[in-house]
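A short worksheet on the structure shown next.
A, B, C and D are the chain letters, set down in written order, and residue numbers restart from 1 in every chain.
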Amino acid sequence: MTRILKIGFIFAFVAVVAIGLSAASKQAQQQAEDTTVVQLEAPDVHPVPDTDYWSLVFVFLLSTFIGVGVVARVSRLLHTPLMSLTNAISAIAVVGSIIVTGSDFPEDIRILGAIALFASVTNIVSGFLITDRMLKMFKATRKEVEQP
Amino acid sequence: MTRILKIGFIFAFVAVVAIGLSAASKQAQQQAEDTTVVQLEAPDVHPVPDTDYWSLVFVFLLSTFIGVGVVARVSRLLHTPLMSLTNAISAIAVVGSIIVTGSDFPEDIRILGAIALFASVTNIVSGFLITDRMLKMFKATRKEVEQP
Amino acid sequence: MTDFIQLAYLVATALFIFSLHWMNNPKTARKSVYAGVLAMTLAVAATWSRPDVVHHLWIIGAIAVGFIVGVPLSRVALTAVPQRTALSHAFGGLAAGLVGVAKFYLWTSEGPEQLTTFRVSAIVAEVLLGFLTFTGSLMAAGKLQELKWIPQRPVTYPGQNVVNIGLLLTALGLGVWLVLNPTGPASGLLFPAIIVMSLAFGVLLIIPIGGADMPTVISILNSYAGLSAVAMGFVLDNSLLITAGALDGSSGLILSIIMCRAMNRSFVNVLFGAFGKVQAAKAGGEAKVYKEETIEGAAQILEQASSVVIIPGYGMAVAQAQHRTRELYDQLTKRGISVKFAIHPVAGRMPGHMNVLLSEADIPYTDQIGMDDINPDMHQCDVAIVIGANDVVNPAARYDKSTPIFGMPIIDADKAKTVFAIKRSKNPGFAGIDNELYFADRTFMLFGDAKAVVGDLVKQLSGAQSGH
Amino acid sequence: MTDFIQLAYLVATALFIFSLHWMNNPKTARKSVYAGVLAMTLAVAATWSRPDVVHHLWIIGAIAVGFIVGVPLSRVALTAVPQRTALSHAFGGLAAGLVGVAKFYLWTSEGPEQLTTFRVSAIVAEVLLGFLTFTGSLMAAGKLQELKWIPQRPVTYPGQNVVNIGLLLTALGLGVWLVLNPTGPASGLLFPAIIVMSLAFGVLLIIPIGGADMPTVISILNSYAGLSAVAMGFVLDNSLLITAGALDGSSGLILSIIMCRAMNRSFVNVLFGAFGKVQAAKAGGEAKVYKEETIEGAAQILEQASSVVIIPGYGMAVAQAQHRTRELYDQLTKRGISVKFAIHPVAGRMPGHMNVLLSEADIPYTDQIGMDDINPDMHQCDVAIVIGANDVVNPAARYDKSTPIFGMPIIDADKAKTVFAIKRSKNPGFAGIDNELYFADRTFMLFGDAKAVVGDLVKQLSGAQSGH
């Protein structure tokens, strides 16, 4: 019975929080009439599209959970190759570099992009190659036992 | 050396794929002039905001990875409570139910919402309560050994 | 949506993930419920606070009714947990389906441009999954509750699979049509047709499946309920719904995979195999010779043992014998005998069934050992007591390719020095095959209801002790 | 962006996750690289195919230069892996920073309404993290490469931490100002100021940290490089960048946590503790008495052993003695002696350092046992051979609260029946403290360079055998 009371209490609490949040959000809405709430119901006529940044934040949260879960299970044997592998993966910045280098932007901006692209590709190439080189060394059994 | 060739080959392949995709995407863009690519650079004047559905798909992919990773590690002892816990969690449909019930929609639509809300709350309440009831039973050691 | 609400959803998402994560250990499991309740509370509060949510009385009313129904539903006997779970999936499917319907008509009335391809696809998925989960789970709950007007035995007829799959494909086809012409003249008819077909498919899907296969089916329906919440998330552009739904979906998927693997069967076999029926035919085999043992004799042997393994099965659940089993455990441990429970992944009728019952009877989970961990030690066990288990200790699974359980991993009860098997009759178990363990040299039967037999054993042991 | 591109990004995301997942077992690890290369190829191809990417020659040129530099960078000696990794982080930080700068000036020139609060915040984060990673990692690489013009020893001065943290806070404050007034009159000045401060902070952060602490610092910088990719994802509205960046970020974080735990130190201590310097002062302790053993004697004792555990450390890496060690392993296993390697999590100078070296020398990873798995068996070990390890076998870690390694888990070499310790001198190891293991009754020193000493042992053993 106490549990029912507890849960009932929680839901009463919900109502209070709801009212508070409601007031807060109504105020926030008034402050920024052209935010996404309105966008959902009415056409957005603001010139700059509002990035749906909350989705991106969700993606970040979820990826971090995955990253921690997956990396924590990487074999202790492979921590050195892991460092160079993630190194190569973080060179995904290549995506941004290609856009900046290849788009029809002013030349000084594209030069920045080209340097970034060079740096990223260097990381990709050297990161994957050296990881592979190290991983090739790990063997479960000896091939042949040479005489010294 | 063969590895360098291999990687070189892969990047040549990239270029080919890139050209193909580029053609395809240009065509797709012509077909739907008002898609997001344009939105990024120019204001969107279409009345219905295009849901950023790719972000949602990303969220789905990542959540599934997390779900599989986390559930696979749930203790075998707790598979029955797990079923009722996920049951309660899937009652997150309560979010949609509240929106449909509480918004200023035609009454027949809100009735659908109210039924959905009732169903969801039932699941939340019974799901969490029964999970807790079961989990309370799991003990590492006996409190007292009663005489039969 | 304002940032406040999104932040609340973000926190709720993280809490749901932690909730499932903490289930990896009985020590932290209680935290799971708190995290889940907190997350749900946040989600409800945040949604309620939306400025466009104005009919508060309706919401309070529906929540109140939900509480009134939900609280008693949480107090069912533990044996009724499977049907409660099924009923709950039905509710979940219904909620998802109804929200989909509401959104469809809402957007229709607001104008054709609201029904984008993406939204209509998501609604069709939501409605299809939601309503088939609804009727399918209701049927499953009915079968498990052994309602009279729902046939327990699988109902099959020639061409059944063709009919079922045809129906599903038709519904899907209509869905695609609706996606392509969301505002076409036929859409007013198409949408209800999809709903009806989905409802019908749910019923037809379950009819050919025997009551005993329901646990696996429930898990699959669990997955569908989760996926319909995901679809709702796509409809409402809401990441929290997608994540929570995906967590539920993967949980159902993994549990059904675990069950199928532990039974050495495939999904297809469960859904379309009409397993129970085929086996029922096999049930009547030639009667071989069992050796019986008296309660007194069994008690004596038990007193001599130094290590006892108890292997519970579905029969212990049916007889509600867990409390008597606890008393047996007490009597034996009091004598300094080491007592462990050997738990097969699919002993009973749902995953973890035995663990919940034994824990209910206050048997510490540290003495409930999983199959893989206890098998290597079975040859050192003096007495194995099989309480209402059958298939999970059937050695035929190891070599007899003709049996339906061939290849299923079993608990090696036959390696123990002595085996006592408690069951009521010479009837086979769920898979409908004879169990040669019962004819083995070192096996002695204790026929009778599990609760009565174990009770007698306890009385004998406690009498013997007081007589000392 | 078109659906094609997004689909490619989605697949790439999944592949990156699988890539890290497969690293959980050396058997599947090779697949990791293939999945990673495929994912990266997809990402590059999809991005290149964007209709707004038109300057193909520029891209091809930059990629070509990247290959020309990248391929040789991947062929460095394994001992140079730490500095290569650091250099690579520098490149990653630079790329992120430059893209942030480019995007800022682009949006500035397109008009003030492009610089939304969210975008400017993301750009500031990207630029701050990117450039501090750039200079910080360059410094770290320089220290590890032992470049002459970068001081190896920590450079400290009073109030250093105040200066560093003050600089960081100022840069952050300017960032907040820029976010609030992205197009204000000062913004043309603010943005370059943030860049310069970030570059300076990277240098100042590393100066007070000793060369030997670099591995932990590199891991933290790894995290920062990942986070700057995440920030770029926010700037470009790209989920793939966010996921890949977050994977990298968590990997760096976890590796640095593992290192800190295995050294029983905290992040703060590593970053602001100037560890190496304090210890250097302690180095000169009073000389106790060591027992030495001859190569002949050691070989004789080894021949009598039935189980040998080899404990490699930084000294084996410095001496490049892994191949000789493999020959020793061959000589012993040929005699039917069981030989295992005991690997401490922070033996050497980076996580997994010993495993890579031993695997390079063709020693199967199944014989490379982690600390936690081998310690329970150490008391059954006849001979433990410590090759250039010191802190990781120092029993003082168990009880001496005054030592910097107190509380750090160690390999229980002192439990073996006999210990041979190979090192060049009586100098202490990284932590700068005496090791009482070397004075123990059952320990015998074999002074000399690891490669030479192990080589002599091998020669002695093979000679003894041919003399049989």
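Assume contacts are C-beta pairs under 8 Å (C-beta built on N, C-alpha and C of every residue); 3 or more make two chains touch, one makes a residue touch a chain.
For clarity, every value in this text was computed on a predicted model and none was experimentally measured.
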| item | value |
| --- | --- |
| Starting at chain C, fewest touch steps before arriving at chain D | 2 |
| Inter-chain centre distance, chain B versus chain D - centres from mean C-alpha coordinates, in Å | 35 |
| Between chain A and chain B, centroid-to-centroid distance (C-alpha), Å | 16 |
| Distance from the mean Cα position of chain D to that of chain A, given in whole angstrom | 22 |
| Shared-contact residues (touching 2 or more other chains) in chain D | 17, 37, 44, 48, 50, 52-53, 63, 67, 71, 237, 239, 243 |
| In chain B, residues with contacts to at least two other chains | 7, 40, 47-48, 52, 55-56, 58-59, 62-63, 65-66, 70, 125, 128-129, 132 |
| Pairs of chains in contact (touch as defined earlier), listed by label | A-B, A-C, A-D, B-C, B-D |
| In the complex with chain B, residue positions of chain C that touch it | 16-17, 19-21, 23-27, 29-30, 32-33, 36-37, 39-40, 43-44, 47-48, 50, 52-56, 58-59, 61-63, 65-67, 69-71, 73-76, 78, 81, 84-85, 88-89, 91-92, 94-96, 98-99, 101-103, 105-106, 109, 113-114, 116, 118-119, 218-219, 222, 225-226, 228-230, 232-255, 258, 327, 330-331, 333-334, 343, 345, 350-353, 355-356, 359-360, 362-366, 368, 370, 458, 462 |
| Chain B residues touching chain D - in the complex, by the definition given at the top | 4, 7-8, 10-11, 13-15, 17-22, 24-26, 28-29, 35-37, 40-41, 54-55, 57-58, 61-62, 65 |
| Chain B-facing residues of chain A, complex | 3-4, 7, 39-40, 43-49, 52, 55-56, 58-59, 62-63, 65-66, 69-70, 125, 128-129, 132 |
| Chain B to chain C touching residues, read off their complex | 47-48, 50-53, 55-56, 59-60, 63-64, 66-68, 70-106, 109-110, 112-143, 145-148 |
| Chain C residues touching chain A - in the complex, by the definition given at the top | 1-6, 8-10, 13-14, 17, 37, 41, 44-46, 48-53, 60, 63, 67, 71, 237, 239, 243 |
